[in-house]
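Each chain gets a letter, A, B and C, in the order it is written, and its residues are counted from 1.
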């Protein structure tokens, strides 16, 4: 219960994480209350069924956070930083009543030159109650060493793609009846073909985060990372405050992105993501997105995929699409740079 | 996604609002946690079924808030103030698992003499997944003009009743078996006949509201009005703070009214309501009610209707029933003056 | 609605409390979000069914809080302090969808020598929708007198055991298939036999509590005790702040105890408990436990019982197991001293 340190990880090592978690309409309601998400497919069983889902699927990011939360006690309890994500794929829809569990495998290890920390790469997989994969992703974290004098392992750094190939997308999305995708009800007329590569979208609204909110969210995911909950200890630490779970920022940015991307009803893949700066309670989150690619998917005449870069800021509206300064450094207000594929009806 | 301005509205214009919303026991649990409501019919499926409901119906105000929330992006995103309600009728019980959607029609328009704003009257209707009306109400809001020089429309002000006729009540309430309405379990012995017109009831308790609470509530309803969530912008605004959704005040007043009105198990109609003053986080809400009318409903030997005026205050207990000062102005602590019909077992 | 005062209680008096409450997966989700609890039996229907439950049972403490909440309006609205618990037994699993109601009987009365208050002992029983007992416990509270001059009743102090006999345990736990209790999924390998009487366990993590969180929790339980919600009044009172419901502390300590007691999947009995000091928003809760007894239960080859003392502190980590000072007084940081039986698989 003190978690693993860098020396405890071995290439090929597998962790079968505790505790399995049944996702319910209670979790869905809380996710709505915490993020304000309005995507019709997740909001309405009637809408979801109309277009081809068996029920309203659980929000992709809620699935991600629950699976991620399970990995924390084994992988990142002693993490200094969550460095990146890659190859995240949603493989099967998750419906209320299904039970998620998670397994991780160590696929990379590299000690840092300071001898105090190292980078651990894991591939984590979420399963439903039937043992079917619902989500698969790689993340890498900087983890403290228990003993600075312990020898460094042979470095292994996995080769990871910048982005998933479009043909790898769509497994968690049943064939959609696009004629029944009612864009009056979903909130905007824009379908796949209405977006242009390079176009930038300001998501307009801002959302201020309270301590109670991010704590509720992170506990809902049974994520036990201590920095999010313990003001007694964190108050004495680097920031003097509790740090907000980076996944909550992703969820808020996604919820805000409904303004402009109302029909991007499914996150099919997470190509990468960087938590550029920390978020604290009292800060207000804004977001904007750029369309990086638009792709058809083989065998899928129903949906098209947009590769998006969504950038979240704190205390800075995104009318001017803040990102980097002239020297190529992130603007100080940028907190998230997230690269992912979404599906839209054609 | 910037919302409609006064010039964008036309008499007879219809809005089919996004996003349909399945109401679940998760929403019901959150509503209980946010308001503390204790009415037995909503709290217990066993109690509700015993008296004649198919299941525990979703709280009337939770239905109202969800329908209301849907209308915000189209009707009131650029509203300066929510001015009033009229002719609100609950037409069909809503049970967990049902999906709500909403449509609004513009029924009145009147530009203000300052030329900067105008009043928009809409009739909004909530439907269940079968297209059956569950709620119908009129509200009017003051909306900014996009361009102050644009011409004023011909003024149309709908004629609205002060209160609904008792015979229009009861559609959302099945025939109740009053002999099985167990007043031991419901919390008080008082039935319809035990109330007297004119009597005033102090609801005794006070409830302090936190930022996280009203934000959770308002997001649960997918209400996107910006003043409730964005401290970055609101901090620079008129109040320097986020404004609490007026509907949250109505819900708190209703929950507090259980003290004295425990058997007023159903809100059958909303005659009118005025958000007299804003509520902010940290304030404590109190409430009292007066019985304005008591009416039998034709064809309903099971229930009687009380027309109530419920007044909510902030930071002022209601032992002395605060309302107006000697000059007929609302006392400074009054925040809500709400006129509605409730049903009680006979 | 002003509650009962000391003079209003009589030995043998029974209260049938309002309002019955259907417990749903919505309540379960909120309980997870409020406490971060990770016990596999409550978290996963698949895990629970595998070992012999009909479904994932509702967390024992959530059941306790809901039953407790019902008793407040009749028993402790005018309480000065919640003094103790005894003979708490969980008698039947509660599953989502079931409806709880509560009855209390006055079993003891003793006026205090100051003539201003008295101690009321009640046995409270929670029932499911079929009238079957699910929980039974004794608590005693110090209640204000309405009139200090009213005569004292003949004192009756019930004789209460320090702890329940192990053979009285287990009714709310079906026969467990311990070969299918997957300790990989439950989070720790330690079964009943792995614990030693006298051993002490630091639960490591700390949890900071926000006003919104304890208010949400306490309203979820429909507990109406005024000290938890009303800053306007409490701000003028003894602590100048809202007091956090003591049950929330018990829940947080239980959730923290997963670190070290992951397989203590069921609270079978509450032997006693003392809320040593108040908790306020902003404080951080830590906890540790000591194994007081280990017992087999007749007829139960599947599970064993540990009697635990769990101590919660505020703003003090529990690495050194804080409890009493040299003079036998509780350390100032100790807020809870809780004595209960848990079941673990053998």
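The definition used in the following text is that a residue touches a chain if its C-beta (ideal position, glycine included) is under 8 Å from a C-beta of that chain, and two chains touch if they have at least 3 such contacts.
Every value quoted in this text rests on a predicted model; they were computed, and no experiment measured them.
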| item | value |
| --- | --- |
| Superposition rotation for subunit A onto subunit B, Cα-based, multiple of 5° | 120 |
| Self-contact between copies subunit B and subunit C, residue sets same or different by half | different |
| Centroid distance [mean C-alpha coordinates] between subunit C and subunit B, Å | 36 |
| Multi-chain contact residues (two or more partners), subunit C | 24-27, 29-30, 210-213, 216 |
| Subunit B contact footprint on subunit C (complex, rising order) | 1-2, 16, 18-22, 24-27, 29-30, 73, 97, 99, 101, 129, 210-213, 215-217, 219-220, 222, 224, 226, 229-233, 242 |
| Of subunit B, residues touching subunit C in the complex | 24-30, 32-36, 38-40, 43-47, 56, 184-188, 204-208, 210-213, 216, 259-260, 262, 282, 284, 286, 315, 317 |
